[in-house]
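Each structure below appears as structure tokens.
Below are two complexes that have chain A in common, paired first with chain B and then with chain C.
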Partner chain A sequence: MENIFLLSLFIDCFPKLLSRLHITLYIVVIALLFGMLLGTYIAVVRLYKVPVLSQLATAYVSFIRGIPILVLLYIVYIGLPLVIGAFGVNINRWDTMIFVMIAYVVNTAAFLSEIIRSAVAGVDLGQTEAAYSVGMTRLQTFRRIIAPQAIQIGIPALGNTIVSLLKDTSLAYTLGVIDVIGVIKAISSNTYRSLEAYAAAAFIFFILSSILEQCFNIISRKLGIKGTISGQG
Partner chain B sequence: MGFQFDISFFVYEIGIAIQYIPVVLLLSIVPLMVGLLLGTGIAIIRLFKVRALAQLFTIVVVFLRGVPLLLQLTILYLTVTLSFDSLAQTLDLNMTSKDISYTLIAVIGLSINATVYLSEVIRAALQSVNSGQYEAAYSIGMTSLQMLKRIVIPQALPVAIPLIGSNLIGLIKGSAIASLISVVEIINGTLFEANGNYKFLEAYLAAAIIYWALCILVERIVAFLETRVGVYGKGGVV
Partner chain C sequence: MIVVKGLCKSFGKQEVLKGIDLTVEKGEVVVLLGPSGSGKTTFLRCLNFLERPDAGEITIGDTHVDCKSVTKNEILQIRRNTAMVFQLYNLFKNKTALENVMEGLVTPRKIPKIEAEEISRKILKKVGLGAKHDAYPSQLSGGQQQRVGIARALALNPEVILFDEPTSALDPELVGEVLAVMKKVAKEGLTMIVVTHEISFARDIASKVIFIDGGVIVEQGTAEEVLFHPKEERTRQFLKRILPASDYSI
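Moving on to the complex of A and B:
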């Protein structure tokens, strides 16, 4: 019986996989940065119930949260060139990485907007009224009273979303991005084996998500927040 | 070139996607049930700190929670297909790895994944019930079963139901990853139809609409159940 798992190959895989780690982290950081910007904007639109925009934002968040990221990746990858092409701009030659980034930003923004919205909505209305009654302006109220409490509410969910985002980036390879997962194909075409490489990738993702979780545990403890349960998806 | 979108093909693909809803349900409801069952077991073992088993399950749960579903499914798929041939030979089975159903592998993989997450949900739900409640139930002479049925479960359910709901949504969306290990579900089903005319956008959008509808449905059911089980949570005095 031939060996189905070669330990030496498993160990050899790590340098090759880690050499593409920056791509995975790059996707996570960009998705978080722009997702936070877009997500905050969506949350504000929904919290202040801006007419039309608020309904659009609600539909956007519901749709993105209701479809698998795998489907979203392909819709952005195939759909965006078609939509923009209709305006006479050809973006077919854009780097795949740009489409991947856009898909993850669009996805992350929807999840983050929900976190921001529910965190701000979770602060008691009496707090705002009390702040106004002592003569604070709107901005002061938000900065000194609402934001500190909302951050406490939102931090655990934010941690879960970032860990999910990290794990979701494992699907970027389907569009041909050579990240930690994408490089496995190159390894397996050289060695005719892939189980070891996938196991090594699993180990890398485990370490990364553990580090992230620990960071958020420390932040939560500093802010005096009780833990929550991580969800799926 | 103008924007080309074949509405009639899109509608046709929605019809195809609807036909594959049972596959998605198989890939999400079965893992949910298995996950609830095994997850409860793991949660109880970890809560009561059963020696050796509790530590073992803690390691497994912590590890699997950090690994993307794609990798869990791929590793399971590769391990099964690689080891099946020699296993079948030693057992004198007249089967090869080509006879294994990919759907079955996906169901098993998703079940393992669901077990991990649901064990955490159930553990948190049981922990949310104050230990004074257990003591009070014992002190008035209830048996363990009575205590679970009358005191613990009614208080743990309102905590668990929304979390179970979001896990079911996670499983429905996670079932899409099964398409990457050649399971014919909504995505592969609709893509197959688009292979002839390259109208893949219509195929993916049709799949998206169906996933969206399924998720909204689950959200509605969860919201309904929440109002039903929430009756115990209402504050105030009698």
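Moving on to the complex of A and C:
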């Protein structure tokens, strides 16, 4: 009977998979960075109920959160060149990575905007009133009082989103990006075996997620030591 | 000195304040009494624009504003002439007791940190919390939190401190320590406008008692006049409900 699981192949997979890990992490970092910028903008628009923009932002968030990331990847990959092409600009030769990044930024921004919005809205209104009563401006109030407390409220949810994002990047290979998952495809067509490579990938993702989780636990606890959100108010 | 003329405020169709006129001299302690929903807290919150009045004029110190055409800068000016003590304390949860008191000096008024810290330490000592500088609000009792709230207001050295039911959220055994601090600062000549149900405070400290009902001032005068010899029927009915029996059987 054939071997169900080749341990040597499993071990051999690690260097190959890890050699493409930077692509996966690159997607995560870019998606977070730009997703945070766009997400903050969307959150502010919704929190301050900016007319028109606020409704657009709400529709955007609800639409993006409602479609699978795989579908979004294809819509961006196929749709964006068509839309921009209509304006006479040809982006068909752009690197696939750019389309992947755009899709993940668009997706992450929607989730982060909700986290930011709910964290800011979660800060007791009395805090704002107290800040106004001592003569602080709106901006000072946000910077000195609201933001620090909102960050504390939002940190656990942010951690969850980053872990989800890390795992969601595993769909980027469908557009032909050779990230950790993309390598598995190559390995399995060379060796006619794929379980070992997938097991190695599972191991890598599990370790990365655990590290992230631990980091966020530590950050939460560090912020929590100040004992500021909990307790009577 | 504080002068309020014709202050009106509605929430939707509900008219809460129907033209309030009030003058408070420097050093006066004014107590606002009234049934719940009478508009006394709304009136207080209009004075520092936590609620935006619909009409009327407010003068606090050297700032005069017409509520209909008030600008952002004028609101800021009014707020920097006043301070408020809240029913639920509203201490900044992300800051220690000392930082809470310092914040209003450092951020809006740009007083150097060292100087602000010195002022704040002195004032925390005055309210009996000299040993609690580094405690966060969640580590303090309600009474202690409210005393920090008073210290935060005192530090600003405002024209007037607005007290919005400062003892209503406290356990009965903690009310005393907060009232004691309020009496202490009242005796130092600070101008105070206090919304409270503490009749003993009104009786002992107030230079003026104002009874508000239905969005208008029904009656005003000295504590003696309003609490013990009210002229208006509505005031009598209200006092009957809240005064302990012993107070009027004597």
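Quick note on the criterion: the second predicted complex is superposed on the first by the 224 of 233 C-alpha atoms of A that agree within 3 Å, B and C clash if a C-alpha of one lies under 4 Å from a C-alpha of the other, contacts with A are read in each partner's own complex, and residues count from 1 in each chain.
Please note the rule applied: a residue touches a chain if its C-beta (ideal position, glycine included) is under 8 Å from a C-beta of that chain, and two chains touch if they have at least 3 such contacts.
Given the structure is predicted, the values throughout are model-derived calculations rather than measurements.
Participant: So in the superposed three-chain picture, is A:177 touching just chain B, just chain C, both, or none of them (first/second/both/neither)?
Facilitator: In the superposition, A:177 touches no partner, neither chain B nor chain C.
Participant: Of the partners chain B and chain C, which touch A:148 in the superposed model: first, second, both, neither?
Facilitator: The answer is second: A:148 touches chain C but not chain B.
Participant: Of chain B and chain C, which one touches more of chain A's residues?
Facilitator: On the superposition, B touches more of the residues of chain A.
Participant: I'd like to know which partner A:126 touches here: chain B for first, chain C for second, both or neither.
Facilitator: Touch partner of A:126: chain C, not chain B.
Participant: Regarding the shared-chain residue A:205, is it in contact with chain B (first), chain C (second), both, or neither?
Facilitator: In the superposition, A:205 touches chain B alone.
Participant: Which of the two partners, first being chain B and second being chain C, lies in contact with A:134: first, second, both, or neither?
Facilitator: It touches chain C, and chain B stays clear.
Participant: Go through chain A and flag every residue that touches chain B in one model and chain C in the other.
Facilitator: 228-233.
Participant: If you look only at chain A, which of its residues touch chain C in the complex?
Facilitator: Listed in rising order, the residues of chain A that touch chain C are 124, 126-127, 129-137, 140, 144-145, 148-149, 152, 226-233.
Participant: What part of chain A is in contact with chain B in the complex they form?
Facilitator: The contact residues of chain A facing chain B are 1-2, 4, 62-63, 65-72, 74-75, 78-79, 82-83, 85-86, 163, 167-168, 170-171, 174, 181, 194-195, 198-199, 201-202, 205-210, 213, 228-233.
Participant: In the complex of these two chains, what residues of chain B are touching chain A?
Facilitator: Per the touch definition, chain B meets chain A at residues 1-5, 62-63, 65-72, 74-75, 78-79, 82-83, 86, 113-114, 117, 120-121, 124, 163, 166-167, 169-171, 173-177, 179-180, 187, 200-201, 204-205, 207-208, 211-216.
Participant: List the residues on chain C that touch chain A in their complex, please.
Facilitator: Interface residues on the chain C side: 48-50, 76, 79-80, 82-84, 86, 88-95, 103-104, 107-109, 136-139, 142, 145, 152, 156.
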